[in-house]
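The chains carry the letters A, B, C and D, assigned in the order they are written, with residues numbered from 1 in each.
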Amino acid sequence: MTNLTRDAVSLGAKAPVMPPDLIVQIPAGVPAKEMTMAEAIREALAEEMERDPRVFLLGEDIGKHGGAFGVTRTLFDRFGAERVRNTPISENTIIGAATGAALVGMRPVAEIMFVDFSGLAMDQIANQAAKLRLMTGGQAKVPWVLRMPQGGGAGKSTAAQHSQSLEVWYAHIPGLKVALPSTPYDAKGLMKTAIRDDNPVIFLEHKLLYSFRGLVPEQDYSLPFGKCDIKRLGSDVTIIASGYMVWHAMLAARTLEQEGISVEVVDVRTVSPLDEETIGASVRKTGRALVVAEACRSYGPTGEWAMVVMEQAFDYLKAPIRRLAGRFSPVPFADSLENGMWPDTEDVIAAARDLMQY
Amino acid sequence: MTNLTRDAVSLGAKAPVMPPDLIVQIPAGVPAKEMTMAEAIREALAEEMERDPRVFLLGEDIGKHGGAFGVTRTLFDRFGAERVRNTPISENTIIGAATGAALVGMRPVAEIMFVDFSGLAMDQIANQAAKLRLMTGGQAKVPWVLRMPQGGGAGKSTAAQHSQSLEVWYAHIPGLKVALPSTPYDAKGLMKTAIRDDNPVIFLEHKLLYSFRGLVPEQDYSLPFGKCDIKRLGSDVTIIASGYMVWHAMLAARTLEQEGISVEVVDVRTVSPLDEETIGASVRKTGRALVVAEACRSYGPTGEWAMVVMEQAFDYLKAPIRRLAGRFSPVPFADSLENGMWPDTEDVIAAARDLMQY
Amino acid sequence: MTTLSNDLKLEMYRRMVRIREFELTAMDVFKRGLIKGTVHPYIGEEASGVGVCMALRSDDLIAGTHRSHGHNIAKGADPARMMAEIFGKEAGYCRGRGGSMHITAFETGSLGALAVVGSGLPIAVGAALGFLMQGKDSVAVPFTGDGGTSTGNFHEALNMAAIWKLPVVFVVENNKYAVSTYYRDAVSIEDLSARAAGYGIPGVRVDGFDVLKVYAAAGEAVERARSGGGPTLLVTECYRIEGHYAGEPEVYRDRAEVNEQRQYDPIRRFAAVLTQDGTATAEQLEAIHQEIQAEMSAAVEFAQNAPMPDPSTALDYIYA
Amino acid sequence: MTTLSNDLKLEMYRRMVRIREFELTAMDVFKRGLIKGTVHPYIGEEASGVGVCMALRSDDLIAGTHRSHGHNIAKGADPARMMAEIFGKEAGYCRGRGGSMHITAFETGSLGALAVVGSGLPIAVGAALGFLMQGKDSVAVPFTGDGGTSTGNFHEALNMAAIWKLPVVFVVENNKYAVSTYYRDAVSIEDLSARAAGYGIPGVRVDGFDVLKVYAAAGEAVERARSGGGPTLLVTECYRIEGHYAGEPEVYRDRAEVNEQRQYDPIRRFAAVLTQDGTATAEQLEAIHQEIQAEMSAAVEFAQNAPMPDPSTALDYIYA
């Protein structure tokens, strides 16, 4: 069953082609359609816009053009210029406007074209939207979603200002929630929850995953925030990862299985709130933990995940927690340097083997 | 010898009064003056401005007014309006201007009045200044310093938008360096290094520490980046901390000593680059690690420090790494809620005791 | 002007006095160490806030700043609950979580008081967009200072409101200083309302010491916004009589300058108008002062006696 | 105009053709899959970049954008090293680290090419401040697009340069689109140069298809800046003939509109001037085209044969 595969045409040659059956999330018999992650997000947006007239989209070039990655394509024709609203290049004010609209009862879904540009909007994101509820003693609520493509690799990334993974900037800020889906199924289900949530939600979409295909149920569903998803059960090593790295973990697990190493893959799914219990339970079972993130190593998400393992499962650890993360460098343009920026399947395999031999 | 004490007048009543001899950094006999951390920073700025005509200051109200915390007071009269340059309220452009001036050979020291407002300047900090060197293949260098008061507590903090500790935002970005001094001696020595460094340096100054007094050598000196400072030697527990938290660690250590618990206090000093070796060596010696930061718990600096301990000293750990960190909440105004936001001496004592009893 | 009812004019006067007395009281309790944090007095600017806010309906929403005690009172907020807020008490509008810089009274029509300069403007733009999409005819009114006009927010917000013809009245209170910075050292033109032309919207400059002029100008702008005419940039020329915050040393200006400005005192000036046009006698106005002073004493008592937030609620109101 | 030397005019022409051919080549190698990333063609805007940059000295510094191949060539950069850069080769100006969006040639006078829209403006302001403090009479010239004028950066930078009378010429290339957004849907006024009045600086609008007019207007602004007269806002009215990036679908505009704009082709137009005023014959101009085409073939060959950065250097140039 080819429920998950990737569109090799739209990506550069070097992206590893992930086997179609690597992640199976829909049990046989459940009515489902195959679609890309971009389509799954679009479907979530469209369904929520149908369901709730307060939901609307705003961002640069999200109208006819459909956004830099085509996610909102067709929605302009369907919902019109009012509800699929092109904005000027004013990132901080896009977010501020989303906040203001949310304060008067709308449910905006804003887009920043690349997560990198959110540097211009950190004030409205982290100082205003995230804090208004507490600062007003609960008078305010700010139900918006901020969609941002992030990540790099495989010709989709274009050097230092268009390739970052910045989940830590947001996950460190109380008042925000941060989702980072790895599959079309997760993306749609998490987007529905995000839109229905009464808090500002940062929704990070890995560029390489947009064209990944997978099954999405025909019926309405949503996925909980603050719950990790165990993408694969195993008994020897727990790999904690999110977004695109989940795929490397899954592919590595397949190889490792042939070597007799049984890998459990925990997809963090919502970086914040983080499901510490599921992570703890998994490592208490396996006794070994590998944390994997695309974001830069230093002060990246891996440290937090490791600390949680430490707090939850120290006595069960048979080996030190290992981490794989992005090289601590701005992303260079040249292939010869961009290769090696981020952990890949081989790195995961090697690290898991190391853990077993500790 | 009262080489370190605090100015009880300028702070609220609730700041714990740290014993004057808690941190001794200048050996007897070395000619030294006692001064506050604010004075030590001012002296570093003044000496570097004397030494190097390329050094100048820019920021809001840093002129006659001397900045929100008086750090640049007197410098306007001494160096004039050109070199102590008041700016409009344009944070992103203050940093961009510092970058541009640095690119043509100046060595600006910029100030953002509170670290919180750097949300407006994250683009120029993290996307431009930090990346220009790599993006231009080494053609550019951006030798600036960005001074930002941060932290909260004791009546100096004024709710959610003026109290944060955001070192992780910067330390996660390759291309930046991040210093966070805990004493006047460290502040002056690190500031000299920061100004002489050819890279963008984020210099975070804890508001509560401005009035702390300590000895500073009369002779010119500078302190290295990327080297932790062991503020106190011990054999049972290593406490890894920075900024104001170092004081809580030191005070706790004094109490714990009376209980027979010997605490080593490692002051991180430069959050980035982080001196992983010193941290590792200390924990390999003590076998117990407590990481303490004022910044919010989730995805804060403690995770990274714990991960480093894990990587460096797993086999030596006699107990799980413990952490103390800021409550995951925007900072509330009311005392009854602000108390308890951040770890204090009692928390450190309790955590260290726990570690010993593990 | 003559068409305004006596009641309306007296209510304006009352609110101006209430602001003045609230600020004097706040500065006093701060000096006496009864409250922590900081206080940014609005003294000298009362006519601006009252003139604008009394031109609004209660479903028109303001967005405030670090200096918004006055805006809240002008919009009708209860000084006792405001006082409780700056005392950090659970009875405060923000349950003590906000303090002086963030006093926000949703019930009288506020979007929040944001202490990052300029940050309220985009939020007001969004509220106005929301009104339009909901078919409401409410207006959003963000306040900022002369200093706030140098922020990127100012430009982005005016441009966005202009292209979408949103019901926003941007109020710039030019009190001549941003902390220590004289406005002409930070703003590249003398008349800030001239910037409106760069957005294709009306720019209006008004004597911010004169509550009736402010009220008239604001009323016009609000009506334009309400009826689909788009945003206005309204600059009220006033002066910050006190330091930037209570106790601020003011090294950057002469006392003579401040004293010269004191003569434009908007309350005294309005009192003269009201007595001259027969709206009230000096005695009646004096009675208002007495009444408000009593209100403030009661407010302080209320605030002092009110309980602090219970530490067990520390995790409340972080997420909805 | 008649005072310009033939050599100068021919060099202008040469650079315009070099830009055109570079862009056609870049689009071609992109389409053929020889390079990764993206290419933002400057076709149709050659007169703007060349007119501005040829009015500069080599110690005047430009700040570029995502669409700065043209600015680099106009300022005198070597197309072979530029081509190597977009191929990600060590021989590129940025040693392959930058790629198309960040091509920066310090040696011919650039501060960098910044792909976050508007971010070059504050940097140019700082460079100009540095010039002043160093007693130099250089000028800083940041480029941005119509889209870039909606950024907070635009406003903050113009205001700061204006209050300090810095030697900056802000060049807004109004090519009518920001990605898919027609400028009148994002900019609240028709004539962007009118925004200059809000900063108290001169605003100049010029036909950006006419290199001589751009050169003259830029020259005037540069002289003003150099001689202490402060900044200018210079708006060049041009058109983006190609998609936002090579291969971009252009769903937001009609082909008819693009074709209509093609008639203003700045190169053809300048060729007509040069042949009419006797600067050159059609044959001489054709020879320039040939010469430049050969240059491009050589540039591609150079770029293709040049080595990639050695992976062992991956940690170089992160810190100085």
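Following the convention adopted for this analysis, contacts are C-beta pairs under 8 Å (C-beta built on N, C-alpha and C of every residue); 3 or more make two chains touch, one makes a residue touch a chain.
Please read all numbers here as calculations on a predicted model, not as lab measurements.
In terms of the stated touch criterion, the partners common to subunit B and subunit D are A, C, listed by label. Of all the chains, the one whose CA centre sits at the greatest distance from that of subunit D is C. With centres defined as mean CA coordinates, subunit C is found 42 Å away from subunit A. Annotation: 36 Å between the Cα-based centres of subunit B and subunit C. With each centre defined as the average position of its C-alpha atoms, the distance from subunit C to subunit D rounds to 45 Å.
For the pair subunit A and subunit B, the distance between mean C-alpha positions equals 32 Å.
Contacts with at least two other chains are made by residues 94, 96-98, 102, 114, 116, 150-153, 156, 159-160, 163, 185-187, 318 of subunit D. Shown for subunit B are the residues that touch two or more other chains, namely 87-88, 90, 92-93, 116-117, 119-120, 123-124, 127, 134-135, 159-161, 174-175, 328-330, 332.
Taken as a contact graph, with one node per protein chain and an edge wherever two chains touch, the assembly is complete, since every chain touches every other chain. Residue ranges of subunit C in contact with subunit B, taken from their complex: 36-38, 88-90, 94, 96-102, 114-118, 147-148, 150-152, 178-181, 185-187, 251-252, 308-311, 313-315, 318. Remark: subunit D residues 150-156, 158-160, 162-163, 185-189, 194-195, 197-201 touch subunit C in the complex.
Subunit D meets subunit B in the complex at residues 61, 63, 92-98, 102, 104, 106, 111-112, 114, 116, 119, 121-131, 133-134, 140, 152-153, 156-157, 159-160, 163, 316-320.
Remark: subunit A residues 12, 60-61, 63-66, 68, 86-90, 92-93, 116-117, 119-120, 155, 157-162, 327-330, 332-337, 339-340 touch subunit D in the complex.
Residue ranges on subunit B touching subunit A, taken from their complex, read 92, 116-120, 122-127, 130-131, 134-135, 159-161, 168-169, 171-175, 271-272, 274, 295-296, 298-307, 310-311, 314-315, 317, 319-321, 323, 328-330, 332.
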